[in-house]
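Next up is a structure, given as structure tokens.
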């Protein structure tokens, strides 16, 4: 479904077309304290032999190739000792209604060595996503979301930063770089702050939760989604493990 | 500043450059005639007191001359161009012994598909090299340009080759490199914000080097 | 019954009614006021287009350096003052769009079509004055809308002024959605205004000529504007249709140019250039016509070969419809068509050549007065020749393979549109300024402006040929990315500096234009000792133009006629040997 | 209207063509309209030759009988328009008003039928972008009874007939204005330019429809 042009034009004319428009539920609630102090931490595991990640032909991008001494590969399934990274974990059920505080700190994603770092990033509706370029060459960031506004912007030089704000929750907004066909990243846009991305060691932590029973979902770009339930006490913590593959 | 074309490195360069210089000479003569004429008239017939312009309304003879001369000249240029055009872009101009390549063109990359060891395109041992075209010298090559998103244009200045890659159209372009070396491929049709950097390189190898490169790459591709 | 509607004495006895300011200067139906409104509007757009060109040139000359005052631009255009590629593409697109559709076209057709046609034909006004007024205000609204596109999220249209699909059809490829849609809407709205203007011009020329103003007594400027109006009338609807289809592709999901679902990408190019090549002549024919008038006046001689000049105009207008494919030689179009289009393109060069030689023939054995309009007109001929000759390179299909989409094309188009049309516009504005405003423009400033413009203009655009010959692609944000373009960086910088100088000296023209409005030397009825009907009335002419319907006894170029003592003989002057057209019978 | 002399457009001169300016202007304008429809029809032909597989057989999706009736209506309105013009040529005010009213009514009926046709087509699942998902037509296409995709078919159908419908609507509005003026007695046996000019436009719109009906519905 294509956006209706009138809306876009009108919005632009009214001056609220900019990226700063509609910071959603977070607008007035930015200063509210977290709803609780409970946290969920856990681990994402990968069973069995991880599929090999494809090699990247960076021969025509010497500046990027120089940053990968051992031959660049595309970290689609990133497994270290059975721990799976780049899994987007978020609470999908059991939360009290908002508004939720929007972090004033921006989420960040960097383009370094012709790869997105991190490959998966979580951002709250209304929160700034800072996109930076550490490579001395052109990258463009093209996002064709379904719920949010499409954008396709460029960063021709190193050290540039562009800020984007998403206005609607969406799992996931795909990012790609048209200059380097292998460059993909995913941004999970959530209406609340209870999400995390598994690190290189497979671990994640969601904190600031009130007491309750929650349904949590884990998303991976090629391995699909899994979900689990967990209960935490006020100020307590609980653990949760997701297992992919095998 | 120079009106001399940069050195060419394909069989087209001779024909195209020759035509270019023919047109350069003809237009150069016309240029000098008109500009010098204007200058001379401007000085010679400038207003002076007591002088009156001659009342001349025209001349059929002059009109015929300067209709016929340009018309004949232009038609001759047209006919000369026609042969070269047919040789380069004509329907059946692609030599039968041309090596086929598939080029998947997208914002903002050239993905060159090579025949694998079986010598056939479209089989599983084909392999793709990003932004690098390797070809043998003195052997025609045929590129099928497959645009995947918008219109791009395959341009190798040194080969005097340019051809738009249009999505949804079957477009083939051929050429034959005559000098071993490395040349740049540019995109010549505005294709978006990365258009200016849609650069690739073509490596012209001697026949032996080409075979060597091909088997090395095929082996590497096989390993993956 | 038709004749009953005709009164041979139109509203000529109109007195100077006291109209409100709004009715007299804003919503005026007077063709002269509308012409001046178009003039002011187009100058503003000329300035915008020029500023965009300067930003483009800065980027090409100094790719890594922040634009002076570039910090004023928002982050989405130029973070830290350095242009972004997407904004550069928007600038390239809008420079072309603004200059073609909102500067050159209204300057030639809107300004002089409006101002000259009724005056030179002896008519009190256009055939449809209210339609004329509507035409201006619609064009004006389209212009405002076009500029508004810069303030939309995603930026302005960035697919080139030719808006090739699919780049223009799907926001995914450019990140531009609203901007491209605004562009298409504005073009369609402007098209409506152009068609309204054109039908007005055609009707006026056909029906409102003064007694004795036969077809072959019409000045070449009017012939050119008439032929142009026909081209506008027939070409613009093609563009409107195409723009509407593309607009629907963007908004309601049609598939005209969507190759993934039955549409055809190249259809856009055919439609665009089927409009586009007549458009090229729309942008030059009126210039040719006005320059013919001015060169005859400056040379004090009849136009050499008046009839062949008229037939050249008409044949250009006809042939202009069968050459569109020469914009598409490398587009993958059937190569046999390429041959056909090459030959037709070669043939269309002939009438242009005829015109150039006839202008030279007009100067030959003249008594040339180098007033400022004449300087610009001779400059026009000198520059148009270069633009015409460089066209032969690209008409030759094999050579075009190499120079297509390079700076050679950019040089060519600017030699035709700047060296050609804009010099003619400078000539025409200075020539008819006294008629429009009742005062002369300063001649010394005018001459300095001409020579500096001529010099910097050539310094800017002539080297672009060399860029093209070296293979420099057009619409390239940063040429330093290519090794073979790196040696051209000094030349690019030279061009940029020349372009900045060229832009700067236009201040002279602007200042001259504005100052002379208030302080210029008062002009009489006929400051250039010219023959046309417009020079028989006061400067500026009153509402209704002619106190009495003028009668025309001869063609417009009877300069240095042996029949009279002076070196000019006005079209309305009755000599003893002249017969009244009414007495001569219909 | 404080300055009638200023507002009155200049009349044609004897040297001009043997038609008054309004009529000439309308002819010239129709020239422009011809080119506009040429762009649409030309594109239609090119697209149809390019992707013939997208076109359903005549009558499969479009309702030919209904449109045939509509075509007949439009032709009738041309006839009544001619009658109106003939009436005022004879100075018959009563018949002028009657036939103008009839023309307006039939023109409006045409637009009404077209709106009804559009609603039905959209309801059945035929959109400018092709089939709508899950619609009746989409199901029949899945069964192989209709073309797999009708994207360009839908695009050109709606754009061409839509722009024609737009022209008809403009014509109805202009004719209503002329009718209103006729009721005010603005037209006489000697001067009835408005009737003739709007009639020219109306006949043109009618002619375009006959072409569209043939190439879009019947072929």
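Going by the order they are written in, the chains are A, B, C and D; count residues from 1 in each one.
Definition applied: a contact is a pair of C-beta atoms (placed from the backbone, for glycine too) under 8 Å apart; a residue touches a chain by one contact, two chains touch by 3 or more.
Bear in mind that the values here come from a model prediction, so they are computed numbers and not experimental data.
Peer 1: What pair of chains is linked by the most C-beta contacts?
Peer 2: Highest contact count among chain pairs: B-C.
Peer 1: I'd like to verify one number: the distance from the centre of subunit C to the centre of subunit D, where each centre is the average of its C-alpha atoms, in whole angstrom.
Peer 2: Here subunit C and subunit D have centroids separated by 34 Å.
Peer 1: Distance from the CA centroid of subunit A to that of subunit D, rounded to the nearest Å?
Peer 2: Chain centres of subunit A and subunit D, defined by C-alpha means, are spaced 54 Å apart.
Peer 1: Distance between subunit A and subunit B based on Cα centroids, please, to the nearest Å.
Peer 2: Taking the average C-alpha coordinate of subunit A and of subunit B, the gap between them is 45 Å.
Peer 1: Centroid from C-alpha atoms only, then distance subunit B to subunit C, rounded to Å. What do you get?
Peer 2: 31
Peer 1: Which residues belonging to subunit B are in contact with no fewer than two other chains?
Peer 2: In subunit B, the residues touching two or more other chains are 107, 192-194, 197.
Peer 1: Listing for subunit A: what residues touch at least two other chains?
Peer 2: Where subunit A meets two or more other chains at a single residue, that happens at 138, 152-154.
Peer 1: Going by the touch rule set out above, which residues of subunit D reach two or more other chains?
Peer 2: none
Peer 1: Strictly by the criterion at the top, what is the full list of touching chain pairs?
Peer 2: A-B, A-C, B-C, C-D
Peer 1: Would you pull the subunit D residues touching subunit C in the complex into a rising list?
Peer 2: Going through subunit D, the ones touching subunit C are 3, 5-21, 23-25, 28-29, 31-33, 35-36, 38-40, 42-43, 46-47, 50-51, 54, 89, 127-130, 149, 151-156, 158-159, 163, 189-193.
Peer 1: For the complex, give me every residue of subunit A touching subunit C.
Peer 2: Answer in residue numbers: 2-5, 8-9, 11-13, 17-19, 138, 142, 144, 149-154, 156-157, 160, 162.
Peer 1: Flag every residue of subunit C that touches subunit D in the complex, lowest number first.
Peer 2: Touching subunit D from subunit C are residues 1-2, 4-8, 10-11, 13-14, 17, 19, 29, 123-130, 195, 198-200, 202-203, 206-214, 233-238, 240-242, 244-245, 248-249, 252-256, 258, 261-264, 267, 270-271, 543, 581, 586.
Peer 1: Would you tell me which residues of subunit B are touching subunit C in their complex?
Peer 2: Going by the criterion above, the answer is residues 1-6, 12, 15-16, 19-20, 23-24, 26-27, 30-31, 34-35, 37-38, 41-42, 45-48, 51-59, 62-63, 66-67, 70-71, 74-75, 77-78, 80-82, 84-86, 88-91, 107, 149-151, 153, 155, 157-158, 160-169, 171, 184, 186-197, 199.
Peer 1: Residue numbers of subunit B touching subunit A in their complex, please.
Peer 2: Interface residues on the subunit B side: 106-109, 111, 129-132, 192-194, 197, 200-201, 224.
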